[in-house]
Every structure is written in structure tokens, then in C-alpha cells.
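Two complexes come next, and they have one chain in common, chain A, joined by chain B in the first and chain C in the second.
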Partner chain A sequence: MVARFLADDALTRQAETWARDYRLLAPVREGQAVVYRTWAPDMRPFLGRPPTASAKQALLPQTENLLTYTYRKEPTDLTRTEVFLAEPLPPEPTVVLGARPCDARAGKLLDRVFLERGVKDELYARRRAATLFVTVACESMENTCFCHWTGGGPTSEEGSDVMLFPVSGGYVARAITEAGEKLLAALPEAPAATMEELAGILAHLPEPGPAPDLRQAPERFLKLFDDMDFWTDESARCLSCGVCTYLCPTCSCFNITDEDWGLKGKRVRTWDTCMSALYTLEGSGHNPRSARAQRLRNRVGHKFCYHPREFPGETGGQPEVSCTGCGRCIKSCPVSVDIRRIVRDILEKGEGK
Partner chain B sequence: MTGNPYMPQLATIVETFDETPDIKTFRVVLLDPEAMAKFTFLPGQVAQLSAFGSGESTFVINSPPTRMDSLQFTVMRVGELTHRLHTLKAGDPVGLRGPLGNHFDVEGMKGRDIVFIGGGVGMAPLRTLLLYMLDNRADYGDITLIYGGRSPEHLCYKAELAEWTARGDMRVELTVDNPDKDWKGRVGVVPTVLTELGTSAKNAVAVTCGPPIMIRFTIQALEKLGFTDEQIVTTLERRMKCGVGLCGRCNIGDKFVCVDGPVFTQAQLRGLPQEF
Partner chain C sequence: MAEESRTARLIEAVKAELPNLDFVLGYSRGFDALHATPISVRTGADADQLVFDPTCVENLATSLYGQSGKRIGIVVKGCDSRSIIELMQEKLIVRENLVIFGMPCRGVLDLAKVRVRADITQARGVAFGAEEVRLLLPDGERVLPRRDVLADKCLRCRYPNPLVADHMIGPEVERAGEEDSYADLMAFEKLTEQERFDFWKRQMSRCIRCYACRNACPLCVCKHVCLADSREPHWLSAEANLQEKWLFQVMHALHLAGRCTECGECQRSCPMGIPILLLKRKMNRELKELFNYEAGVDPEAVPPLHTFQMEEEKIKDRGQLW
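Our next item is the complex of A and B:
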């Protein structure tokens, strides 16, 4: 597929064009954060750095309607009620502009849970099929980035429909899928000089540095499972705020609650966090993960032990882990908990166990 | 749309009973008679009961698949949803998603002696299996039920306990911590009764459900009687939402209680990360 050119000053116009046919989620600056917002007139997309929040809301909205219910009182006997249920509306076709390769790759990991684990979640499946990713390749890696640990990289195309490569004056836009090709139909072909510049940039991408071998992580995690001194130490700073899980592109745990408005209402799914003590609190008062150390252990364990055990497979010598190395949990943690350090500690201290 | 795994079937409550001061039993039938006729499950499987506006929660279907005139659930009043359920009466609509989860190995238990050890509302999952076995009585060996509660009024299924005692083809031992003046059964905790009976582990399976502390001491007592980990079966309780292995909260390592459980042998539990 031909490489096209998206000039900086054509970006907003292009976004407007997409927004006519799709629900467009675009990153915009709000204060110091860069967040995805549904397109609105006068919005200026900002692609200058990775968004603060991941793009998972496109596939797994923060709040999503699962069903609506309506009670009707029987006119002849008001103590009797009937209830009627209705399916949620189908999702709108969506384009996510400005995702990063680590975000686009997360879709595969969400698919594992919602499409492949057992019961296929048709609500997710419909949203997944209706969503396109226009991804911006990363020119450099921030010091919290570790996509190369997880089989990804700054220019990984996995999960993207279009890749945008930053060059002078704009982006080289390359379609990865046919749906992506349609998004780019109106753009001019990239000039030869621009393609030469891009080749130079791609030839001199920064070296990401060594990545630890994660193949031993599941076994070593389990060896350390009962070592509460280890987990108490690793979680000593953690506040259980859950920001790591909310910003994570692959954390997919959710809650289901009813929102009641008298005789009608809806059942919604909302993002939940295993970092909260309430997450596992049972009606009896029993809580299998009452301690912070147990909860941090679950988050790290899920990503680097339980997921690879459930979905065995390797890419580039690394097991598939439920993490794309986006580093948001490190960057936004108020107390600087660093999952890379925890994983390295597991690999090191679990070895001799 | 088909395939919305969160969409319950509508059901109607046909009967309710007070079991104890805070436990109520509900019998429900699916609104669609065809769906009710097609509903199949095995003892130990659970379902999500909905009271729309208050949410839904997981309960074992405690009637046996051999008695399909209704589906029975027993609910202890502990939180928002169960308080709402306790206000419902015959004729009221509820939602039902199920059957969910795994079941007791009713085939593997054939020809073996079965020891049921229950405490409080933990009798519910035992009831479905016990009635299934009584309805297929010739398939199973000696059946013993040891059931305990805080006081006589805290025992569930009181009428059935009397029936089972009178049957003659099973042994029933009831025990309470705090007897009243009319109490004729035993006094003391369930594991002690088990030890006193000296139940033989030979060709036997023990099925236990109750509060965590009771289960812990019951398993110790069973081990002293010679029961192996494979011969001890229990059901686990976890907070659940989706019931289909997606929402995440009932995980024990890479297993989900709602899909891989709630029925586990002690041998299976020993193979899991110890976090329950």
C-alpha cells in the first residue's frame, strides 16, 4: 500500500473528515494531561507525546450499558409487577487517533480475555469489530517505556490500521489494513524526499537496551507467592489508589452495578481495580486479598504469571504477558512503584527459591 | 443481539420460605415455559439471581436436577441485594443467569459411601447433591449427613431434616452450639461429631460446605480419619460479578472460581496459590 503524507496543518481537517463517518476519539491536552475525547468542533488533536490514559476506553468503555430494565405495575393489582429487559444499543463505528503502538497491541490481550477465554463477550466483540486504530509511531522511548520487554517496539504495527510516522512538516501515513487504506484515500502520496527522510529516521531508531528474559517469570513468581516479606517490601509504598490499573491498556477487570431510576434503570459495567480492598470483599466479611501486599501480588502475578500460564506462546523469545510495556503505571504512580523493578526482583529472588 | 453474556432470563418467584431469622429460600421458574423445559444443570452448579435495581449475585441451585418443577435458591441476608431479595414474594419477577460453574462429580461418586458435612447456610450446595443421590439411591453406598448450626433455629431445611432422619436409608446427625430446651440432637461443633462417629474413609467421599473455620477443622478431622485429598470435596465462596470468567475478581492464580469452580477437591486446592 502506498505511503501517504499527512501535513501538520491538514491534521485537524483530516480528523474532521473522519469524525463525519465515525465516532472519533482524539487525544487533546487538558492541563498537564493528554486525554482521549470524542471529537467536537474546534478540537485540536495533540499527537506530540503518548496520551496520559491508554486507548482501552475505545474497546472497554469506562462505563458501558449491559442492559436496561423497566418495571410495569399491573393496572388491576398494583402489588404485582412485570419487568421488561432490553439490549444495549450497538456501538458506533470508531476511529482512535493518536494511539501508540503499545496501545494498539493491547487489543490482542483484551481479545484473549473477552473473546478467547471461554464465554465470548458479544458486546466487546461488536465494539472491537467497529474500532480502527490510527497509531503514531514513537520517535524515541521515554525512560518509563519498556515495550521491548513484551515483544513490541516503538514502530510495532500489531493491532494498528494506520501507522503515522512523524517527519518534517507532518506524518508519513501508511495503511496496515484495508480499512486503514480507506481512511487514507484522500491523502496525497508522500514525496520522495519525505520517504528518504523517514528511511533515515527508521535506520537510526534508538536502541531500547537489554530486556530481561521473562520466560522464567511465571515459575519464579509462584515460588515467591507465599513469601509475604517479599510482597510487603515491594508494596510498602503502594497507596492502593488504583491509578495503575485505570491507565493500563490491558487491565480489564470490571464491576457490574445497577443504576436505578424508580421503575426503570440500567445495568452497567464499569472499570474496577484489583488494587482496592473492596474488589474481593465478600458479603460475609471475608476478604481473600485484604492486605495491600496481596493485591499488588495479584496485579503483577496476573500480568507476568497467570496470563502466560493461561495463554502460553512466545514472540521473539519472550512469553506473551498481559502488559505492553507502555509504562503508564510507572509514570503516573504517585509513589513511584515501578513494575519493572518488581519483575526484576521476582526473576532475581525467585531464582534461588 | 444474541451472545450478551450478561442478559438474564426472566423468572418468577413461585414460593418463599423462611429458613432461619436471616435465611430465606426461594423457588423460581423461568417465565418462558420452553426455556424452563430446556434448562439442564448438574448438582453444584450456580446461577446469578437478579433483582433489577439492586444487582445480582451468585447462589447455588440447591434443588436437584431430578426435580425440575422449580429451581430453588437459599439466600442469607447480608448485603444490599440480599436485603432486596428478602422483600420479594411469590409472583414477583427476578432475573436468572445460569447454570454457571462446574458441578460435583456425581458419576465418579457412584458406588461410594458419601459423607456430607455442612454448617449453616452451607447446607445449600449439599442439599442439591444429597437429593440427587436420594433420587438415584441405588447408585450410591451409605449416605451420612452431619449438619450443624449455631442453634436449632439456625438450621436450614428443618422439615426435610426430619424426613431424611425418618427415611432409614441414610444417617442424619444434627448438632448445634447452643441447644434450646427441646433440642434432642447433639451439642458441639461439626468436626467433633465427625471424629466421634469415626466415619470410615474406605471407599468414601466427604463433601463439606460451611463457614471457613468449620471447613478448616473438618478437613483436619477428615485427614485424621484417613481421608486423602482426593476424597475431600468442597465448594468455594468468592465475590463474583460476571459469573463467566471475565470480570476477574474471583481468581485464584490463573483459575476462576466461577468457571473452574465452585466445586474443588482438596487435592485441586492444594495445587493452587494459597489465596482463599
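Our next item is the complex of A and C:
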């Protein structure tokens, strides 16, 4: 497919064009944060740095209406109640602008949970099929980035429909899928000089530091599972808040609650976080994960042990982990908990166990 | 370097106390030079990882509540010591079970302020001078005036030396902070009610309900019975709606009235950069005006909103009026 050119000053116009046919989620600056907003006139998309929250909300909204219900009491016999149910509207076709390669790659990992585990989540499936990703390739790696640990990279195309490569004056836009090609139809072909510049940039991408061999991670994690001293030390810093899970592109846990309002109500699916003590609090009052050490252990274990054990990749290769190395959990953690350090400690201390 | 020798003295003091303690809460180096991360020191080797400099922003007093029966050491700055005093005032911690390592402090970094002045996502190092902060970035050194990147609370700090400590790792620092004029709040209050409400609607709309603000607060001690999580009674819906987000912040501010020491951890912890400390400052100014009271300064003082009694000792005798 031809490489096209999206000039900086044409970005807003192009976004407007997409917004006519799609629900467009675009990153904008708000204070210190870069957040995805549904397109509105006068918006100025900001692609200069990775959005504060991941693009997960496009596929798994923080609040998702599953159904609405209305009770009607029989006026002549109040013991008789009828319930009327209404399904939510189907998801709109959506374009996510300004995701990063680590965000786009997360779709595959969410699919594992919602589509490939025996039960297919219809709502997720419809949303997934209706969503396109216009991804911005990364020119550099931040101190918190570790996509190369997880099989990704600053220019990884996996999960994207269009890749935008920053060059002087704009972006080289390359379609990855047919649907992506349609999004770019109106853009001019990238001039030869621009393509030369891009080739130069791609040839000099920063070399990421060494990545650890994660093949032993699941086994060593299990060896350390009951070592509460290890987990207490690792979690000494943790505040048990939901920053890491809510900003994470692959954390997929949710809660389902009925939110009543008189005789009406909604059944909603909302993000949940395994960092919360309530996550495992049982009706009896017993809590199998009452300590934050146990909760942090769950988060790390899910990503680097349970997931690769459930979805083993090719024998001998690096395992598929449920993490894309976006580093948001490190960058936004109020107390700088570093999941890379925990994984390294697992690999090191689990070896001799 | 004075700071290095101070850290060495801190490590020495911690090591000397370790045999009598379950652990010591302190700071170690985080994932890069601009970040410190809390550490529980149990061994001499752990103690050797301790650091203290303007990157030590976290208020470690947040981890004190709910540790009954343990003997804990804690490294505190002046502002952090006020949280400890407030916890003592509220009888939520037992002073005898604490060994406090006091670190006089000339101010900590506000990374949000650094970020608007320099791209620190690839920072390689940092050095702190008396009046400047030197950032080592991939494209060279960047020097910022220290005052420009200190936390707001440091610019108006009246207690740079811990108000309570068992080991003061000096020298003590002279107070440099200006009297709090609440200029930010006054400027905000000049806006009309509609403008203020619109401001908060805009700010709160990006809240993700992660509750970092609550969990980072040293005085949020309801833990898992917090009204934000309670289903019975059902105060808040699980939906990430503006009204739920806003209701929580308002309740948080009310519950902290007369208790908040403005350590600023709520705002610092917010991943979305929502200026929620302003709500607490509003309550604190009211408390100051009404009761001439400041939280977390005097261990013997009774917080004004703790003086409520179900039965007043005596109803005022108004004499015979009819």
C-alpha cells in the first residue's frame, strides 16, 4: 500500500473528516494529562506524547450499559410487578487516533480474555469489530517503556490499521489493513524526500536496553507464590489504588452491578481492580487476598505467569505475556512501583528456590 | 556534599535502631534519578539503599495506620511530621510504637512543574544546587531555578523541621516559606458560581475513579468501608459519571475538614492531574477563620470537629425569661 503524507496543519481537518463517519476518539491535552475525548468541534488533537490513559476504553469502556430495566407495579394488586428490559444501542463504528504501538497490541490480549476463552463476549466482540486504530509510531523510548520485553517495539504494527510516522512537517501515514487504507484515501502520496527522511529515522531508532528472558518467569513466579516475605517487600510501596490497573491497556477485570433509581435501573459493567481489597471480599466476610502483598502478587502473576500458562506460544520462544510494556503503571504510580523490578526479582530470587 | 553526609548519618541511625523495630519506612531510588520510591528497611543491606533528597516527595505517614502491634521506624520531612501529629491527636497511632527519623527539608520537587519546563521522560540524572536544579537530559544539561520547581506547599512551608522526631538528622533549616495568603483560593473565588462549577465539571470529567487520592491520604482511614465503595448504604453508583466523581471529592474534602495538613499527596497522586487540593484548602481556610485552628501542629490539641458530644455537659442557663 502507498505511503501517504499527513501534514501537521491537515491533521485537524482529517480528524474532522473521520469524525463524520465514525465516533472519533482523539487525544487532547488537559492540564498535565493527555486524555482521549470523543471528537467535538474546536478540538485540537495532540499526538506529541503517549496519552495518560491507554486506549482500552475504546474496547472496554469504564462504564458499559448492559441493559436498562423498569418495574411496573400492577395498580390494583401491588404484589404483582412486571419488568421491562431494554438492550443498549449497538456500538458505533469508532476510530481511535493517537494510540501507541503498545496500546494497539493490547487488543490481541483483550481478545484472549473476551473472545477466546470458551465464552464469547458479544458486546466486546461488536465493539472490537467496529474499532480502528490510527497509531503513532514512537521515535524514542521513555525511562518507563519496556515494550521490547513483551515482543513489541516502537514501530510495531500489530493491532494497528494505520501507522503514522512523525517526520518534519507532519506524518508519513501507512495503511496496515484494508480498513486503514480507506481512512487514508483522501491523503496525497508522501513525497520522495519525506520517504528518504523516514528511512533515515527508522535506521537510527534508539536501541532498547537488554530484555530479560521471560521463559522461566511463570515457573519461578509459582515457586515464590507462598513466599510472603518476598511479596511483602515487593508491595511495601504499594498504596492499593487503581492507577496501574485502570491505566493498563490489558487489565480486563470488571464488575457487574445493578444501579437502581426508584423503579428504574441499569445493569452496568464497570472496570474493577484487583488492587482493591474489595475485589476478593466474599459475602461471608472472608477475604482470601486481604493483604496488599497478595493483591500485587495477583497482578504480576496474572500478566507474567497465569496468562502465558493459559496461552502458551511457540515452544522455546519468549512467552506471550499479558502486558505490552507501555509503562503507564510505572510512570503514573504515586509511589513509583516498578513492575520490571518485580519481574526481575522473580527471575533472580525464584531461580534458587 | 552535605546531603550525602546527612544520608550517611540517617543510614547509621536507622541501623542502630533496627534491632528494636519491625521495619523502617524510608526512601530508596526509584526507576530513575528523579523518582524516589518508599522502602521497608528490615536489614542493614536494606538500610544501605536509603536516600534523602528533594525527590523524596511521598508522605510515608500514609502507611502508618492499621499497623497496630508493630514497632515502626519512619523517615519524615517537616510536612510529613504533621500527619503523624494529626494521627496522634486522633488517637489512631501510638507514639511509643514509633521511632521517628526527622529530616529537616528545604523543599521537594513537584514533578508536574518540572514536566512543563522540560521533557523528563528520558532523564539520565539530576543534581540539586542551593538555588538550582540541574537535569541531565539526553540532549544535555538543563538548569532550572529551584524555586520554580518546588512543590507549592514548600514555597509556603512554615515547618521545614519535623515537629516531632526521635532522631533529628540536622542541621535544622531556617524557615523560608511565606505566610499562606490563600491567594490561589481567593483568585478562584472571584469566579462566579457557574464558572467555578464549570471548572470542576471539566476537571472531574477526566477522573478515572482509581482512588489514588484517597489511598495516598495519610488521614483517609476508613479503608475498605469507605463510602465510595459501599453498596449498603449505596452512596455512590459504580458508574464513572461526573456526579459520582464529584460527590466523592466533596465528601473527601468534608471528611478532612480540620484534619488535613495539606501534605498534598491527594493531588500529587492523581494520574490525571486534577487540582483537588484546592477543595481541602478551602475547608482549611474556613477552619482557620472559624476556630483559629491548624491541623497537625500540637499533639495535645483537640481538633475542633472532634469536640462534638452526644450530651453536652450542661445546657446554658439563660435565666428566667418568662
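By definition in this document, the second predicted complex is superposed on the first by the 347 of 353 C-alpha atoms of A that agree within 3 Å, B and C clash if a C-alpha of one lies under 4 Å from a C-alpha of the other, contacts with A are read in each partner's own complex, and residues count from 1 in each chain.
By definition in this document, contacts are C-beta pairs under 8 Å (C-beta built on N, C-alpha and C of every residue); 3 or more make two chains touch, one makes a residue touch a chain.
Given the structure is predicted, the values throughout are model-derived calculations rather than measurements.
Visitor: Record, for the superposition on chain A, whether partners chain B and chain C clash or fit.
Guide: fit
Visitor: To the nearest 10 degrees, give me the chain B-chain A-chain C angle using C-alpha centres.
Guide: 90
Visitor: In the superposed arrangement, which partner chain does A:N298 touch: chain B (first), chain C (second), both, or neither?
Guide: Once the two structures are laid over each other on A, A:N298 reaches chain B alone.
Visitor: Looking at A:N255, would you say it contacts chain B, chain C, both, or neither? Reply first, second, both or neither.
Guide: So A:N255 meets both chain B and chain C here.
Visitor: For A:L205, select first, second, both or neither according to whether it touches chain B, chain C, the two together, or no partner.
Guide: After superposing on A, A:L205 lies clear of both chain B and chain C.
Visitor: Which of the two partners, first being chain B and second being chain C, lies in contact with A:S240: first, second, both, or neither?
Guide: A:S240 sits against chain C, while chain B stays out of touch.
Visitor: Output check: A:L281 vs chain B and chain C. Expected answer is one of first, second, both, neither. What do you get?
Guide: both
Visitor: Applying the document's definition of touch, where does A:G118 land relative to chain B and chain C: first, second, both, or neither?
Guide: Once the two structures are laid over each other on A, A:G118 reaches chain B alone.
Visitor: Give one of first, second, both or neither to describe whether A:Y306 is in contact with chain B, with chain C, with both, or with none.
Guide: first
Visitor: In the superposition described above, what is the shortest C-alpha distance between chain B and chain C in Å? Please give a whole number.
Guide: So the smallest C-alpha gap separating chain B from chain C comes to 6 Å.
Visitor: I'd like to check the shared interface: which positions of chain A are touched by both chain B and chain C across the two complexes?
Guide: The answer is residues 255, 257, 260, 281 of chain A.
Visitor: Would you mind writing out the residues of chain B in touch with chain A in their complex?
Guide: For chain B paired with chain A, touching residues are 1-8, 10, 52-57, 76, 78-79, 82, 91-93, 95, 211-212, 237-239, 241-242, 244-249, 251-254, 259, 273-276.
Visitor: Can you tell me which positions in chain A touch chain C when the two form their complex?
Guide: 30-33, 35, 49, 52-53, 62-63, 140-144, 232-233, 236-237, 239-243, 245-247, 255, 257, 259-260, 266, 268, 270-271, 273, 276-278, 281, 330, 332, 334-338, 340-341
Visitor: Going by the contact rule at the top, pick out the chain A residues touching chain B in the complex.
Guide: These residues of chain A touch chain B: 66-67, 69, 71, 80-83, 85, 87-88, 90, 113-114, 117-123, 125-126, 222, 225-226, 252-258, 260, 265, 267, 269, 272, 274, 279-284, 286, 288-289, 294, 298, 301-302, 305-307, 309-310.
Visitor: Could you pull out which chain C residues touch chain A in their complex?
Guide: Interface residues on the chain C side: 23, 30-32, 35-40, 42, 58, 62, 112, 115-116, 121-123, 202-203, 206, 208-212, 214-216, 223-224, 229, 231, 234, 237-241, 265, 268-269, 271-275.
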